[in-house]
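Shown next, in structure tokens, is the structure this report addresses.
By letter and in written order, the chains are A, B, C and D; residue numbering begins at 1 in each of them.
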Amino acid sequence: MSERLRVGIVGCSGYTGGEVLRLLLDHPRVEVTQVTSEREAGKFAYFAHPNLRGRTSLKFRSAKQVEAADLLFLCLPHGMAQTQVAHYAELAPRIVDLSADFRLKDPERYARWYGKPHGAPEWIERFAYGLPEFEREALKSTSFVSGVGCNATASNLALKPLVDAGLLDTSRPPIVDLKVGSSEAGNKANAGSHHPERSGVVRSFSPVGHRHSAEVEQQLGLEGVQLSVTSVEMVRGVLATAHAWVRPGTLTKELWKAYRACYGSEPFVRLVKDRSGIHRFPEPKILAGSNYADVGFELDERSGRVVSLCAIDNLMKGAAGSAVQSMNLMCGFEETAGLGFPGLHPC
Amino acid sequence: MSERLRVGIVGCSGYTGGEVLRLLLDHPRVEVTQVTSEREAGKFAYFAHPNLRGRTSLKFRSAKQVEAADLLFLCLPHGMAQTQVAHYAELAPRIVDLSADFRLKDPERYARWYGKPHGAPEWIERFAYGLPEFEREALKSTSFVSGVGCNATASNLALKPLVDAGLLDTSRPPIVDLKVGSSEAGNKANAGSHHPERSGVVRSFSPVGHRHSAEVEQQLGLEGVQLSVTSVEMVRGVLATAHAWVRPGTLTKELWKAYRACYGSEPFVRLVKDRSGIHRFPEPKILAGSNYADVGFELDERSGRVVSLCAIDNLMKGAAGSAVQSMNLMCGFEETAGLGFPGLHPC
Amino acid sequence: MSERLRVGIVGCSGYTGGEVLRLLLDHPRVEVTQVTSEREAGKFAYFAHPNLRGRTSLKFRSAKQVEAADLLFLCLPHGMAQTQVAHYAELAPRIVDLSADFRLKDPERYARWYGKPHGAPEWIERFAYGLPEFEREALKSTSFVSGVGCNATASNLALKPLVDAGLLDTSRPPIVDLKVGSSEAGNKANAGSHHPERSGVVRSFSPVGHRHSAEVEQQLGLEGVQLSVTSVEMVRGVLATAHAWVRPGTLTKELWKAYRACYGSEPFVRLVKDRSGIHRFPEPKILAGSNYADVGFELDERSGRVVSLCAIDNLMKGAAGSAVQSMNLMCGFEETAGLGFPGLHPC
Amino acid sequence: MSERLRVGIVGCSGYTGGEVLRLLLDHPRVEVTQVTSEREAGKFAYFAHPNLRGRTSLKFRSAKQVEAADLLFLCLPHGMAQTQVAHYAELAPRIVDLSADFRLKDPERYARWYGKPHGAPEWIERFAYGLPEFEREALKSTSFVSGVGCNATASNLALKPLVDAGLLDTSRPPIVDLKVGSSEAGNKANAGSHHPERSGVVRSFSPVGHRHSAEVEQQLGLEGVQLSVTSVEMVRGVLATAHAWVRPGTLTKELWKAYRACYGSEPFVRLVKDRSGIHRFPEPKILAGSNYADVGFELDERSGRVVSLCAIDNLMKGAAGSAVQSMNLMCGFEETAGLGFPGLHPC
């Protein structure tokens, strides 16, 4: 065990922290040595994460008690990492931050979407964007990784093949209609998350102006992309239905080529587009716990309208999974280490 | 409208208050003139009960502003009615209380199960128990009606035919295994009702010692009845699976006779026991919004074990529906008035 | 009872037939005298519709045994009504057909979307389109009513205010992203409707080319409207999220005015657009069993993008409810007769 | 790879076959070399098991094409293995059969519960019962392993500590009230599994006389144990609520001792009995995909009534997981190999 990377998880009682912990407990190159939670300090980690009962005897400590480590995951509420990054950088040479604080590379863009100036603009450029499908090389040479937005990730992965192949009609920015599960909102109960109210909803909670639009525009180099988010009955999962336009006359086979060129060698992106069977398109439910992003599309050749689909587990590919994948790249581990669980069927 | 009963609902922003309001808005003999909520005072009733948008322009007022009425429904947290009943009895000659405060006729029993002395023991005997299948005659001549416990009601209706017919082997008290929905716990959010935690559970929350046992023992005249409650994925509904014993040798046709004798003329109890099809036994899901209790059974003739089943909507037959049915009896209205909705299929 | 309209329901064992039956059993001006089902002939209607146990002793007969009636509802699989309409028109002077056969007024459009010539084009013009919000006057003077498509109805009601007010940027046809429940596909089991496979899905089943597009284009007078349909975890319900564009600079208050002008006097359309609370936008779950369509919107004033929302119960406003509402208009009954159930909360 | 055990899975397109495949694809000592399905012959395995897309390029073949292997898993419909075991035993020296055919050690008991004589009684004694918590030593020295019934397994694991410690009041046989998910019924669609009908049910489908009672009586050495099974809204999972009786006066601490003695060294049984928090008792939902059985209890010390609880994933500990665990024992592998996934939270 002595060669293993000694890792701490700050803010580990939340859902993303719990998933980072689950992944790292089975990671062949890592040892988790400290986990923090202000609310649950002193309790066993499995009190907050009952699936890990029997797997770890770690107890939560206060963030004030964090000690030096080889690497720290920060799973804190948005806005806290930017004020504390310097502190944590003194304790560990490598940091993976899962909050929104270091996703946007332009502090102006941050201020516009988050409604206040960034608290540590000088740190922004030290961070690589933690989505290997976009910044694999940068991740290999960084010491600071930013997490990703779950809705942004599903949107980005749905649209990337069209952008990369130059097929997108940029005069008509895509509309991404996202269907999301309840775990996106974290583990704090509120009136809207109360089961009798939340159960079975198809609830439009962000028809326009969703903050993750900023990440999509940044990563795809587009302007005017629109995200609309609807909550559905599901705990984990996102389906991005991206309504986009290509030049009329574009053929389905050209799109196949573009999607294969984009994702053919990606270890965690699968193309799903079958002519028969139940599972003809990407669906989030079989991805719970998995780091896969399933991507597919359908083209109306007459009109040039494309519906490009991406399904992920918001806590995995949309948060903890991409974070661990990014850690693997940063640390020179096998990229897929610790991310082997394929998901379940049926479920 | 001048002949209509003028009714107020105290504590109307909760789930049972909302159901009483829904029922009374379509009741031919009633006019709802005031609704109270401390939390939502000043807001439209449909803010708390969005299904009633367009149906009423009533606004919540504070309970302090309650005025004289012909009848008051009290839908308050347990423990409050017993301290306030004298006050409300001055404002209205008739009261229907949906809390647990006046269900138990013996103050000793109340103290034992609720852990403190009853606050108004002198009022207890003035109340009739608001389940017409048990106390129809008493309800016709009372001015005070007590609500019923939802789990107690499903248990009581499942076991009544066996008790009435003298078939029950009383040396072996029944075990009632109840499966219940999330609305039983009311409309206050907490960590356990947070959707990602509550969704999809099969959660044992009261394996032994459930308070509603007291109501069952009282109404059936039994000792040692045991209720076990498990939360399942459902918003409304209770299924009581009563495991009981009759004399070995008892025949299925004898049970049919007992069940028919008990419920053959009840307007809101249906016998469900079919040999084929999907709906061979009572199921709560088709009862959402309905005042029906569906009752059925299965007998293992060799061993004398009976499984007696009762499905209800906890907010209707287990609360607001029985309360309105009791009001109808108390006021001399048609017993079924305002309770016509049969439930939905599919749903 | 002698003055009541004598009504038959042909094809009554399916979901829409069952809902028509439920509504008519409580309708003050109607008596249901015959219900048919080939599959369940000879069985009680409540065998197929367990919510109606205790409400009716009607038994299914074969369609061959249909007798004369004042009015027939046809709830047959698509394609059958056009071959049988002449036969049924001899048995009853008034017909309400819930299939897709007489929705499209142009037989060419029918042939294009349904892949074969219409079987009774001479009958098409005798039918009025059964959505009172669109064709109330025509419904008052017709003897033949066509049903509506559920997804088309949600789309049409979402977009009508923008079209009527001339606000829509017609150079950019709207994209309607629909989230739908499992009852849309009827009551026949198949591999995709098997619970372990269907439960919890967010499944894109018709990303492009949905047939209901034809009804939307027809009723709104638009070309190029695109419907995308995604199945979600829900039995009843549709949410239409219509992504549309208005002239940049259009203000929210102008949209309010348009929506109010369109629906202010409609008995079954409610505007839902609140600034606070859980229920700020239309949601299908509270509409189960109700004939309401809830409509709302959100405008991004900078870009001119509007998200217009409409929630309905697909079996009610999207089928049986609108059919009964249309019957009421056709027969001179009160338009809201038999349609009083407001929906439930919580559910 | 040459040292790996070469394994075939006969009947691999069903749910248990799919889970065996998922587990073995990540098993360090096994290589899956053939999978069969009559229905899907010629198709990729991931057509039936979409979670395995990208994980295997195996195609289904017909069972007629099965070739020699080191070990065969038989995942066939009940009744087939007993007629084919001799054939498959010629192809492979070791067999794990997941059907009900070789669970009961007494052919008389088999005939009584399954309604026909056993087809290969001479093979019965060669099989060990594949639940390591009961027959670990036998599994280490057998070449033939029988699968387990999922409901029997949850019941057996709930009751074993009481039986082993001699605490059970055997004059009152336990009642086990089981709540189960829809995957228990396999992957064939039928009217009752149709989503609009199955969704949200609390459906009593086997109130008395469940076949798995036979396995429970056999493994625990009891007579008269009663199983009642209720379907609830869940795809995977079983919760056994065992209502049992111990001598009045038995203390909770004695039960703790009995449960710890029984399961303290079991790798896949966890005791769950907490005084606070949400997860105080076993719950199936966090076990989806995991081989854990979570066991807990609650005692009413006055009456001697115990509620003993066991939650499992029916497809894992109740089928494929126990089968792989048994294979590990039979083959001398590490008992936990391939069974590392701990389950998810939230989910």
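By our rule, a contact is a pair of C-beta atoms (placed from the backbone, for glycine too) under 8 Å apart; a residue touches a chain by one contact, two chains touch by 3 or more.
Computed from a predicted structure; not experimentally measured.
A.B. asks: Quick one: how many steps at least from subunit A to subunit D, stepping chain to touching chain?
C.D. replies: 1
A.B. asks: Could you find the chain whose CA centre sits the greatest distance from that of subunit A?
C.D. replies: The most distant chain relative to subunit A turns out to be B.
A.B. asks: C-D versus B-C: which has more C-beta pairs touching?
C.D. replies: Between the two chain pairs, B-C has more contacting C-beta pairs.
A.B. asks: Measuring from the mean C-alpha position of subunit B to the mean C-alpha position of subunit D, what distance in angstrom results?
C.D. replies: Centre-to-centre distance between subunit B and subunit D: 39 Å.
A.B. asks: Per the centroid of Cα atoms for each chain, what is the distance between subunit B and subunit C, given in Å?
C.D. replies: Their C-alpha centroids are separated by 35 Å.
A.B. asks: In angstrom, rounded to a whole number, how far apart do the mean CA points of subunit C and subunit D lie?
C.D. replies: Each chain's C-alpha centroid was found; their separation is 46 Å.
A.B. asks: For subunit D, which residues are shared contacts with two or more other chains?
C.D. replies: 15, 183, 187, 191, 196-197, 200, 233, 235, 283, 346-347
A.B. asks: If you look only at subunit A, which of its residues touch subunit D in the complex?
C.D. replies: Residue list for subunit A touching subunit D: 15, 18, 22, 25-26, 47, 49-55, 183, 187, 235-236, 270, 272, 274, 277, 279, 283, 286-290, 292, 294, 340-347.
A.B. asks: Which of the residues in subunit D end up touching subunit C in this complex?
C.D. replies: 15, 181-183, 187-191, 193-200, 233, 235
A.B. asks: Once bound in the complex, which stretches of subunit C touch subunit A?
C.D. replies: The contact residues of subunit C facing subunit A are 172, 175, 177, 179, 191-192, 196-197, 200-205, 207-209, 224, 226, 228, 230, 232-234, 237, 239, 241, 243, 278, 281-285, 298-300, 303, 305, 307, 309, 311, 346-347.
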